[in-house]
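Before anything else, here is the set of structures, which you'll find just below.
What follows is chain A paired twice: with chain B in the first complex and chain C in the second.
And then the complex of A and B:
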């Protein structure tokens, strides 16, 4: 067991999310930064979809009531186990009674804590992800609170090690973050100015940014003509433009249908960057084709697979 | 009768097929259901999200290239015949007005009807589930008497309670969970529309017939 000592209600249990029931309105949910969750799972030899903790409110503290293996990935900042600092993207062992402390990060917005064999909670609709909006999955469909106790597998100690795969190396949080997007259904109905602004403006993330979506601040994006759209399916990453002209990025816990015009869809391979961008971060959108979107995702999957294989080899050598 | 459509990409692995019209058409919707059924067996396609006169089709780009998926979708749509689906009939008892239906009287006034009359007209209709979506188990119902239509509120409420019977534009619905909504609340029901722990979590499915019955009217 592990016990949560300090948390905020926006911290939750997440895996890679729910698929297959969009048709009855079930959101994908899952980690906002799926890449970091997968790296955390790969470091422990887990299935990439194993459930971990998504930490967005800091400081976060938990105590191990038993020896366990864990990894901390995602946003970079001060992480200590029993007072000893841990480097970013590091897997380590905890002894019984030790406390893990995650301080507010210096780079990024969300930290992931994964455990060997994952967190054992009952899957709902095929996933252990918490849907905070609809109130199911994870731990009773809610965020974490102080005193929560979670089942993780007891594991003997191992030598600590880190991941060479570092997606954060390419990110400069002091500059606009480059995010690729495929033009969406109503892209061509936006004015020529709006289309230019979309890919040239440095869009700021407002304070209204959570697991459902982010509102962006920037110039008003205008349509060439008025549009009346009927409700249609939307996916995480969809950039809608409501009548205010200010874009909204729909994310993990977003509604599965919407009615606003869509200018573009952020590609799956870059959604993790959005998940790591807190309020006041900036985005610079680049338009790409569906083929480019899929090639980027393929490269990312190869990197994670390579990491998982390296970990497997290292573990077999260590006996 | 072949209405113009637009097909566009939603990212690298999904296509949105939508009617170019802004008015809901029941025959078009029956072709959407037919396409959704057809795509379940189509190689490379993984999931569909039928909407209102549109459908989002997800595919696996490792099995089918994006442009090939677009061609496939276009061809299958051309062949899609209206699916005369008539599902189960579900009765939804409603308490109209009062605390549980705070927009009931203003809505009746907007429609130029006495409150009791408005409730009777609403309950007299035969509604069909066009699609489920937005939130878990939320039914988009067609069949609202045009005299009962009302534009959505300019400012959405932040929390419309579960069970609220609502009207927005030319559509009727029931809230399966407490959630923000810009639709008008005319009453309340106790029927649970969604339970993630049931074998079939959503009470309603596309094609189902919904009838509202009057349990009480608070005048």
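And then the complex of A and C:
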């Protein structure tokens, strides 16, 4: 068991989410930075979809009531186990009674804590992810509270190690973050100016940014002509433009359908960057083709698979 | 005994013109190096190894590609016991290089991206 000592209600249990039920209105949910959750799981030899903790409110503290193996990935900042600092993207073992403390990060917005064999909660609709908007999955469909106790597998100590794979190395949070997007169905209905602005403006994330979506601040994106749309399916990453002309990125807990025109969809391989960008971050959108989007995702999965394989070899050598 | 040390023993035997070199290694073992063609006979006195003062510092316990800690440890920095001073990367994973004792860094022979062998001194202390 682990016990939550300090938390905020926006911290929750997440895996890779619920797929395949968008048609009946079930949102994907799952980690906002799926890449970091997968790296954390790969470091522990877990299934990449194993449930971990998504921490967005800091400081966060938990106590191990038994020896366990865990990894901390995602946003980078001060992380200590029993007072000893841990490097970024690190897997280690905790002894009974030790406390893990995650301070507000210096780079990024969300930290992931994974545990060997995952967190044991009952799956709902095929996933352990918490849908905070609809109130199911994870721990009673809610965020974490002080005093919550979670089941993790007891594990003997291991030599600590980390991931050389460092997605954050390429990100400079003091500058606009480059994010790739595929033009969406109504892209051509936006004015030439709007289309130019979309890929040239440095869009700022407003305070209205949560697991459902981010509102962006920038120039008004105008349509060439009035458009009446039927309600249609949308995905995490869809960028809608409501009548205000200010784009909204739909994210993990977003509704599965909407009626606003869509200018673009952020590619899956870059959605983790959005998950790591808090309010006042800036995005610079680059247009790519669906083929380029798929290739980027394949490259990313290949890197994670390579990490998982290396961990497997290292574990078999270590016994 | 590491490959590196065996290579050093072979190099030593060759450089001294010895046909055979035998020495004790850890755990009661012995290493015998036989060099096929000694170049020339040498005086025994010349073969006596000069005493080398071992430099204190931080040595590696693995091999791998060196990566800096964050922030990087630089010459002149003081490190504390058990502090993580850098990493050795093996493919997709990395292990910590930890200081076994405290000290002040006088030299840092490797930079990020360099290949480092077993038992190499990655930080020399004053």
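Rule of thumb we're sticking to: the second predicted complex is superposed on the first by the 319 of 319 C-alpha atoms of A that agree within 3 Å, B and C clash if a C-alpha of one lies under 4 Å from a C-alpha of the other, contacts with A are read in each partner's own complex, and residues count from 1 in each chain.
By our rule, contacts are C-beta pairs under 8 Å (C-beta built on N, C-alpha and C of every residue); 3 or more make two chains touch, one makes a residue touch a chain.
Bear in mind the structure is a predicted one, so any value in this text is a computation, not a measurement.
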Chain C versus chain B on the shared chain A, clash or fit after superposition: fit
Greater chain A contact set [chain C / chain B]: B
Partner chain(s) touched by A:22 [first = chain B, second = chain C, both, neither]: first
Partner chain(s) touched by A:6 [first = chain B, second = chain C, both, neither]: neither
First (chain B), second (chain C), both or neither touched by A:291: first
First, second, both or neither for A:66, with chain B first and chain C second: neither
Partner chain in contact with A:99 - chain B first, chain C second, else both or neither: neither
Which of chain B and chain C A:80 touches, first, second, both or neither: neither
First (chain B), second (chain C), both or neither touched by A:314: second
Following superposition on chain A: angle at chain A, chain B versus chain C, Cα, nearest 10°: 160
Partner chain(s) touched by A:49 [first = chain B, second = chain C, both, neither]: neither
Least C-alpha distance (whole Å) that remains between chain C and chain B when both complexes are overlaid: 25
Chain A-facing residues of chain B, complex: 6, 8-14, 16, 18-19, 22, 24, 36, 46-56, 58, 61, 65-67, 131-138, 140, 176-177, 179, 194, 196-197, 201-202
Touching residues (chain side chain A, partner chain C) in the complex: 43, 84-85, 87-88, 159-165, 303, 306-307, 309-311, 314
Of chain A, residues touching chain B in the complex: 19-27, 124-125, 133-137, 182-185, 187, 227-235, 237-238, 255-258, 262, 265-268, 289-294, 297
Residues of chain C that touch chain A when the two form their complex: 67, 69-70, 82, 84, 87, 89-96
